[in-house]
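Down below are the structures I want you to see.
Same chain, two partners: chain A is paired with chain B first, then with chain C.
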Partner chain A sequence: MNNEIQVFLNKLSEEFFLFAPQQDGAVINIKEVRDIGDVDWSGRMPTNTWKALFLPAREKMFDISDGRLVKSKTSQPKIAAIGVNVVDLKALTLLELVFSRDVYYQERRCNTLIIGYSSSWPNDYKKYKIFSHNFEEDILEHLIFDIFIAQFAVGRMKIYSGSEKGQHILEEGGIKDYEHIEFAGPISEKGPDKKMLLLKKKMESSQGKRIWHELNKICIACGKCSINCPTCFCFDLEDSVDPDNPERVRKWGSCFYNDFSLVAGGGKELDTVSKKIFFWYYHKFVRIPFEYMMPGCVGCGRCSKVCPVGIKIEEVLKKV
Partner chain B sequence: MTKRKNIKPKIAIIGLTSCEGCQFVMLDQGRRFLDWLAKVQLEEFRLVEDEPILAEHYDICFVEGNPVTKANIKLLKEMRCRSDKLVVVGNCAALGGVWELKNYASKTRAIKAVYKKLKVANPDIKEVDNFVKVDYVIPGCPIDGDEFIELANQLLKKGSFRIPQNPVCYECQSRGYQCLLQQEEICLGPITLGGCKAVCLKSKQACWGCRGLFDGAQVENFMNYLLKHFSREQVYRIMEVFGARDTILKRLEEMQGKKNRKFGKSKVNKIDNKIKKLK
Partner chain C sequence: MLNIYQTNKVRIISASQESVDTKLLRLEFIDSEIKKNFHFLPGQFVQIGLPGWGECPISICSSPNDSETFFELAIRDIGVLTNKLNSLSAGDCVDIRGPFGNGFDVDLFKGKPLLLVGGGCGFVPLRPLIIDYLAGRLESKTLQILYGCASEETMLFKKNHAAWNRRAELKVILEKPSTNWKGDRGLVTDLLGRIKISAQTVAVLVGPPVMYRFVIKELKHKKLSDENIILSLEKRMHCGIGVCQHCAIGPFYVCKDGPVFRWLDIKDYYSL
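The block that comes next holds the complex of A and B.
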């Protein structure tokens, strides 16, 4: 990576905890940066997601003092997420919409600096390409980020800022040569993505199709896909009754488990695998587009990678 | 009324045949365990007392270990009669434990290999719920300390508890551990009840199902997947270690039975089986 950026990141590490994709054995994982030289700039898709930084797997909701509920007073550490690729930025933009009124998310978000990065496209992105993207500038306008570093083929790169916070930090870090991009909302001027609308239509009418019966016999409902999905934001609330510190915990939920649709009395809506998996796809490709006009799947391909029985989302979509 | 409030629930913690590891987990919780004990009247704790004297009535009885010997069975039945609620603790009591291995192999050969000269009784290993009614199960080998304290507190507070029905995969994936199933190892994570913090997977040890099945485990699809990639012997061997094989196969049969009933095949199958037996 460029010297200028190295210096900038070094300076950043004085104030922030840096998180970035790093080589971890055979895979690339997002974890805390010990040495800035370890950061992976290849643009390959990391195995785990960024959502853990904004929505931790377990998060305490409130404390109880004198029999009253008090919002937990935990100071959020300042975090800089470095090297978030375009696909993951898209997922974060969706989370931003969904949790726009969530205190816990917003608190974390305020203390986080998002630094996007692209080295052309992530390598295997084309394989998973579901939604059509065109020129980078067109895309950046509709993504949420503080700073974006775009690397072009011959060591040439361009730096963008996407927020006041980003501008401020860039100036402080001694980088003067950047372009500001104002966030223009998540939907492009041409209207919602056409491919998304097409998929929505297909998915709506696909209930009872053969593909869901086929998956009924393959899927083991381990829920790994939903846990490792950057846009899966459903959660469970769990109460613990420890007398010294009773607490309510918000943890990642998954529609593949019976607890997800369990109601008092023991009834559950999603009682077969085919219903569960259809529900998952339906949420991603019909309900999220309906509510937010954004695709619920950003096409990162993580679910295909972690599936132990080898269900591939792109093949399922083709069959739908 | 105030007087009633002062009465603490009577608790018994007994151990049958086991390594007593689960009782040690309780002791390992230190302060938290003592705090919990302060809220109850501990009548019985086999691991730390010299001479147990049975009280007439207990509110909650925790049973660890497997009823292997006749004395074990007698004690277990006695405790059931005297307790309102019976909670089994740990894999031995819930699923049969490591002892159950001999059920699946030759029982006589096993005993000869272990006790070369001594003559000992050699019963089949059965889970606690084969002898008495079990109200609640705290699974694991050994149990998870945090979970035990939480569930024990829930028991005192509302008289019942519920473990979130997630598989080990949930614990494993949300902590970012490597998937061993994808590395061609037999891991029972997808069908095993979570709550263990995936400690085994943390050290790259595949899950062998010590906590038993959870509600919603896709046993049928998972078995199909395993048998496609491994031999039946290999798969059974892993399932046998913690005595989960019989429970898994039972659930599998139930699932298949349910399916057949849907299509009205159960009768056909029964007749098929009878014909096979006659042959």
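The block that comes next holds the complex of A and C.
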């Protein structure tokens, strides 16, 4: 990364905790930055997701004091998410819509700076059709970010702001040569994503298909796909029973876990692996498009990579 | 920013034993402004909870007409929280969020015969409709009520039955009654075969999934249209506003788009 950006990030670290993809043994992981030089700018997909910064795996919502729920006073740390690729920005754009009325998400988001990044095209770019489109109009206009760094080829780079907050921070950091992009909503002017609509139609009529019976035998319902998915946002509300620290918390949930659909008296809607995995796919490919007109899967491939029994989402989609 | 997870305190005006496992809590908001502005529709529900014990969704069983004075919840002792709630008495406080959900679209009942079919504790959300009908606020042509439950001990709203039977037609059937029981014995579906139901009837069903399977089959046999068969569904819920995903059914959320659905709209997503 060029010197101007290095200096900018160093200055940023005086105010923000920086998080970025970094080499972590054989893989790339998103973690806190100790040294700007450690940031991975290769554009390879990180193994973990950004969602924990926006929707922690466990967060306190209320302290319980004298039998009352008192909103947790914990102030949100200032965090800069650096080097968020386009695919992960799509996932964050979805979370932004889903949690638009959520005070905990919004307070955290106010203190978070999202710096998107695209390196020159990835080796397997053909998988990501978006790269053949007009970058500013077809892609960046429809993503949530504060700052975006686009590295087009060796040495050539373009910087964009996507919010007032981003503009302000760029100016303060001494970067004047940037273009502002106004968020035009998640849906392109050409209408909803055609591939999304096609998959939605296929999924809607797929109940009872052989693929779900096949997966019933293979999938072990471990929930790793949902934990590692950047768009999985199911959650549970739970009261802590610790007498020294009574609190109401929100925790990541997973539709693969047994108590997900459990009701009083013991009834369970999702009582087979087949129903659970169908529910997961249905959420991504029907329910999210139905609600937000956005794909519920951004195509990052993390679920396929982490699946212990080798279920590949792209193979499943061919069979629905 | 408004915190959608913040609860409001209500005081228990009275807590009466409604059946062997169910208590009827009559509640009022402590904050007079909230109390004045608390409005709901029949069929809507609230999240009732106690800090440290969690929350659960319960249908409101009193009439919206009384909402500025009180509202009632019938709580069946079936889990840790409901057990705790049922140990409380008048003067104690609990937490409420809501009301949530769509409630019944009572305009659909106008001028038509209305049939309410309740099974077990599923009978609870039907009570506001009955109260409103008897008070002349529900414009259905007639009202038939079929109620099936396990035994005399678990029967709900016993005190009201005589009054309900005066202006409406109430039939109760028990699955395992005592030897003293003079009424019908069996399942609520058995009653369906014995009464006259016109094809124009609007039927509202609330009960366990197994009841829906048999009742819908019977109603289809009686030529009721899918848009005139209305169900209220029970699902696990956490948020109450269509985000947490626990109550999703097809593209819908029971907490937000339901709990009341026309059979027409959900039959593709609900396996009987």
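Convention: the second predicted complex is superposed on the first by the 302 of 320 C-alpha atoms of A that agree within 3 Å, B and C clash if a C-alpha of one lies under 4 Å from a C-alpha of the other, contacts with A are read in each partner's own complex, and residues count from 1 in each chain.
Keep in mind that, in the parts below, a residue touches a chain if its C-beta (ideal position, glycine included) is under 8 Å from a C-beta of that chain, and two chains touch if they have at least 3 such contacts.
Given the structure is predicted, the values throughout are model-derived calculations rather than measurements.
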item	value
Room on chain A for both chain B and chain C (clash or fit)	fit
Touching partner for A:Val306 - first (chain B), second (chain C), both, neither	first
Touching partner for A:Asn29 - first (chain B), second (chain C), both, neither	first
First, second, both or neither for A:Glu238, with chain B first and chain C second	both
Chain B versus chain C as contact partner of A:Ala184, first or second or both or neither	neither
In the superposition, chain B vs chain C on chain A residues touched	C
Which superposed partner A:Tyr257 touches (first chain B, second chain C, both, neither)	first
Which superposed partner A:Phe290 touches (first chain B, second chain C, both, neither)	second
Partner chain in contact with A:Arg101 - chain B first, chain C second, else both or neither	second
Superposition-derived minimum Cα distance between chain C and chain B (Å)	7
Where chain A meets both chain C and chain B, residue numbers	236, 238, 240-241
In the complex, chain B residues that touch chain A	35, 39, 149-150, 153-154, 157-158, 164-167, 169-170, 173-176, 178-179, 181-182, 189-191, 215-218, 221-222, 224-225
Chain A to chain B touching residues, read off their complex	25, 29, 47-48, 57, 217-224, 227-228, 236, 238, 240-244, 252, 254, 257-259, 273, 306, 308-309
Chain C residues touching chain A - in the complex, by the definition given at the top	1-7, 9, 50-56, 76, 78-79, 82, 93, 95, 208-209, 234-236, 238-239, 241, 243-246, 248, 250-251
In the complex with chain C, residue positions of chain A that touch it	61-62, 64, 67-69, 71, 98-99, 101-103, 106-107, 233-241, 246, 248, 253, 255, 260-265, 267, 269, 279, 282-283, 286-287, 290-291
